[in-house]
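We just call them A, B, C and D in the order they show up, numbering each chain from 1.
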Amino acid sequence: MVTPPPWHFSGNMLWIDCRVTPEAARKFLPEGLSLTQGEMNAAAVFSEWEWCSADFRESADPVRCQFSEFQILLACAHRGKQMARCPYAWVDSATSLTRGWIQGMPKQFGSVHLTRMLPVGLAGGRRGEGARLSGSLGVHDRRFASATVTLSRPEETPPALARLPLVHSRFIPSWTGERSPRARLMTSRVSGTEFGEVWSGSATLSFDESSVGSQDPDLLSLLPTETGNGYSFAYAETLEGGDYLD
Amino acid sequence: MVTPPPWHFSGNMLWIDCRVTPEAARKFLPEGLSLTQGEMNAAAVFSEWEWCSADFRESADPVRCQFSEFQILLACAHRGKQMARCPYAWVDSATSLTRGWIQGMPKQFGSVHLTRMLPVGLAGGRRGEGARLSGSLGVHDRRFASATVTLSRPEETPPALARLPLVHSRFIPSWTGERSPRARLMTSRVSGTEFGEVWSGSATLSFDESSVGSQDPDLLSLLPTETGNGYSFAYAETLEGGDYLD
Amino acid sequence: MVTPPPWHFSGNMLWIDCRVTPEAARKFLPEGLSLTQGEMNAAAVFSEWEWCSADFRESADPVRCQFSEFQILLACAHRGKQMARCPYAWVDSATSLTRGWIQGMPKQFGSVHLTRMLPVGLAGGRRGEGARLSGSLGVHDRRFASATVTLSRPEETPPALARLPLVHSRFIPSWTGERSPRARLMTSRVSGTEFGEVWSGSATLSFDESSVGSQDPDLLSLLPTETGNGYSFAYAETLEGGDYLD
Amino acid sequence: MVTPPPWHFSGNMLWIDCRVTPEAARKFLPEGLSLTQGEMNAAAVFSEWEWCSADFRESADPVRCQFSEFQILLACAHRGKQMARCPYAWVDSATSLTRGWIQGMPKQFGSVHLTRMLPVGLAGGRRGEGARLSGSLGVHDRRFASATVTLSRPEETPPALARLPLVHSRFIPSWTGERSPRARLMTSRVSGTEFGEVWSGSATLSFDESSVGSQDPDLLSLLPTETGNGYSFAYAETLEGGDYLD
């Protein structure tokens, strides 16, 4: 089901800077990681992806190559190096979910939708002044998150947190009752990182606290308390593997 | 469930010219329509859409605005005017399906996927030389159609059949046993038609005859016997309503 | 896509008596129908179905034969005859949705789940004392309805409203702008009606008003204000066609 | 996403004895397991499940509790003890898929449907003489497997292979390039095993070799060469954890 890496990814990103309560965020950072100070210490990210293996074997079969994702990212540091930590991710593809567990990112299953970029007409999304782009996350037929970004200006760079490497910890629950090995910190080896044109603007981001709380009280504590700017950009990378950080 | 028109549509199209047997095609043309002569008398079209109502009410909720479609189109004429007839269409959204029945296009339910356009990286689609774009149609967990287009050159215009108006016949089966009114020929009133950049190239298009035949022997007779050029382009229109042609 | 009737249906029903505001309910009853007096004037019904055409042609392909449904039913009368009116129905199958429109039941698309009956183990549902059976409706990744019934006793008969014929009005929106014909009242011709063992008990039924209100303010007005008994039973019928009532 | 065990399962099984080529089967048995002699050395199993955690926390939300599965099972022996090995399993739920990886069963994602048991009417399934029950597996919009069992007689016991413990090997691909630990043989600790009424009859089982071969040449080699009896029964168990066998 999962081909060996490297895997190529090209995606359309709807990114929203936000702030989470530092006390809550710290509970999601394992030993060795410290939360970054700053007003916007997190991001909520909707994305829609095409992927394929290094030899492009799935490319002629797009049903195998597509998934959408919603992530919460925390700005953190490891030995003084700025990094990004992903305590929650939802995807709508079992292949992507399984690849996530392999690399130390415990993805969950969710229904994610975001406005698609289309260069003509009135119904699609554009990167241009006044364009409105929206995203949503549903889990088990409950709406968890909804967001809209109204673009106002081009940016020279993507949001800072989007340029940082991710730090994961791979943990597979024990089945025989023996103690699982300590989940070591890992970062991904990526190549071919590419950002397309970046636009930013104002953002609204709301979570349905009743839906979230009914399913995951821990997530409830981590919900953003403030929303910052929103961004739209395309992003690509090739994921080669991982390296231990400790 | 279905808002009143007008409806805006913006889409990404993967278009493949093809030839169907004239005798088979004629069985799908009601009285008043004649099949157009020509080597490529049909098209197979994969498309991925964003839509919204005239007041954009659904736009902040992309889960409501997206669907994908696969159509077979026949080149025909009505009173000397070139038109396009759609004997088969499959969509992955019940809203789109219902709208189709209202306008005289008996859409069926299917799973449609096509390569998404992304401006960065190695995994997405581009409109450029050498780019490969693929599409597939599945019905009830059976693969009906698979296609790949390898782009080689920009075109000044979209394929001829894509610029013709569609001619539909609205038919809702009777429920009380009384005779249904004659299905009159109708064409759609559209505005805001827009084509993006058009690229063309060579195409492969295959249907799984065993899968198709197990579900729909009529469709089996209509499967293309020759494949022509493939095209990729974005397309938009606003659908306002319909007019009787007879 | 839709075979001609008759169609056979066999289903597992989770039924909850409830009360809606009479003023609201009356707005959903067309001329010729009057709301039935009584404390419990409505029902919320989750069901999971197998269906097939008269010649059983789909039966070897269960992917074509299954759907789930959630309905709101109103107790009403036509010329003194007790009947049931269905102002809202959601199904998870486009075939079922289309059949609904043909017979005058404007089904919408939704995600419906209910506990499945299984005769062994701890995880499935049973018709027996203390058994808990649940159902849910999601629309566009929002939870609309959730219900649980705790069974306490066998019943000799199914709930009264479940034994009444349905009265529909077929309405297909106009596409050419001409006035649609008046939607006449119709009832379905059914045969082979069969009820399995019936159990009843206490019920909880909740609607997410914020989710419902964001999508359909009319439905919001019709949400139940009181919940009565819950019931579990199997039900079957063969649907032959429809007859005008006026 | 995955609660800790124990987990309760109750399911409806459509079981078909079959024979695979011994040379092919042996390639799927790791060191320590030997293929069992016998004409029917394998089974193809369609199943539809309700599950819940030990505290029944998901039971009020059936959208979380349901999945369907298709498995290929091989009859094998470990140190003289008869066991069952599952080289292939497909499920339609990411939760079930993840649980599979944890316990050493590398489940893949697929679309599985089987006739549902319903005690009334003509469209559902029954355990009785002449009843026909069908199942199907689709992967990426391709039909992999289709089966029909025509029941003819009650059985005193379920098929032999269904009563044997499963032997798994947990293997999570490496991400950092270091050698993965050897995948040790494990068996599951189960309690509360329960079989419902068992019926058997003649079976047809077909795989679409072209679809399978396009996706997985290894699986192609393992496809059954002969089909034996078919069985229908309900089955339940509580899965507590796993034990190493070596």
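Throughout what follows, a residue touches a chain if its C-beta (ideal position, glycine included) is under 8 Å from a C-beta of that chain, and two chains touch if they have at least 3 such contacts.
If you want to know which protein each chain is, UniProt gives these names: A, B, C, D = Acetoacetate decarboxylase family protein.
These numbers come from a predicted model, not from an experiment.
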| item | value |
| --- | --- |
| Each chain counted as touching chain A and chain C at once | B, D |
| C-alpha-based rotation, chain A on chain D, 0 to 180 degrees, nearest 5 | 180 |
| Whole-Å gap between the CA centroids of chain B and chain C | 34 |
| Inter-chain centre distance, chain C versus chain D - centres from mean C-alpha coordinates, in Å | 34 |
| Residues of chain B engaged with two or more neighbouring chains | 61, 63, 111, 113, 136, 138, 140-141 |
| Chain C partner contacts - residues on chain A that touch it in the complex | 111, 113, 136-138, 140-143, 208, 210-211 |
| Of chain A, residues touching chain B in the complex | 8-12, 48-52, 56, 59-63, 65-66, 111, 113-125, 132, 134-136, 138, 146, 148, 192, 194-197, 234-238 |
| Residues of chain C defined as touching chain B within the complex | 1-2, 4, 61, 63-64, 93-95, 97-98, 101-104, 106, 108-109, 140-141, 170, 172-173, 175-177, 186, 241-244 |
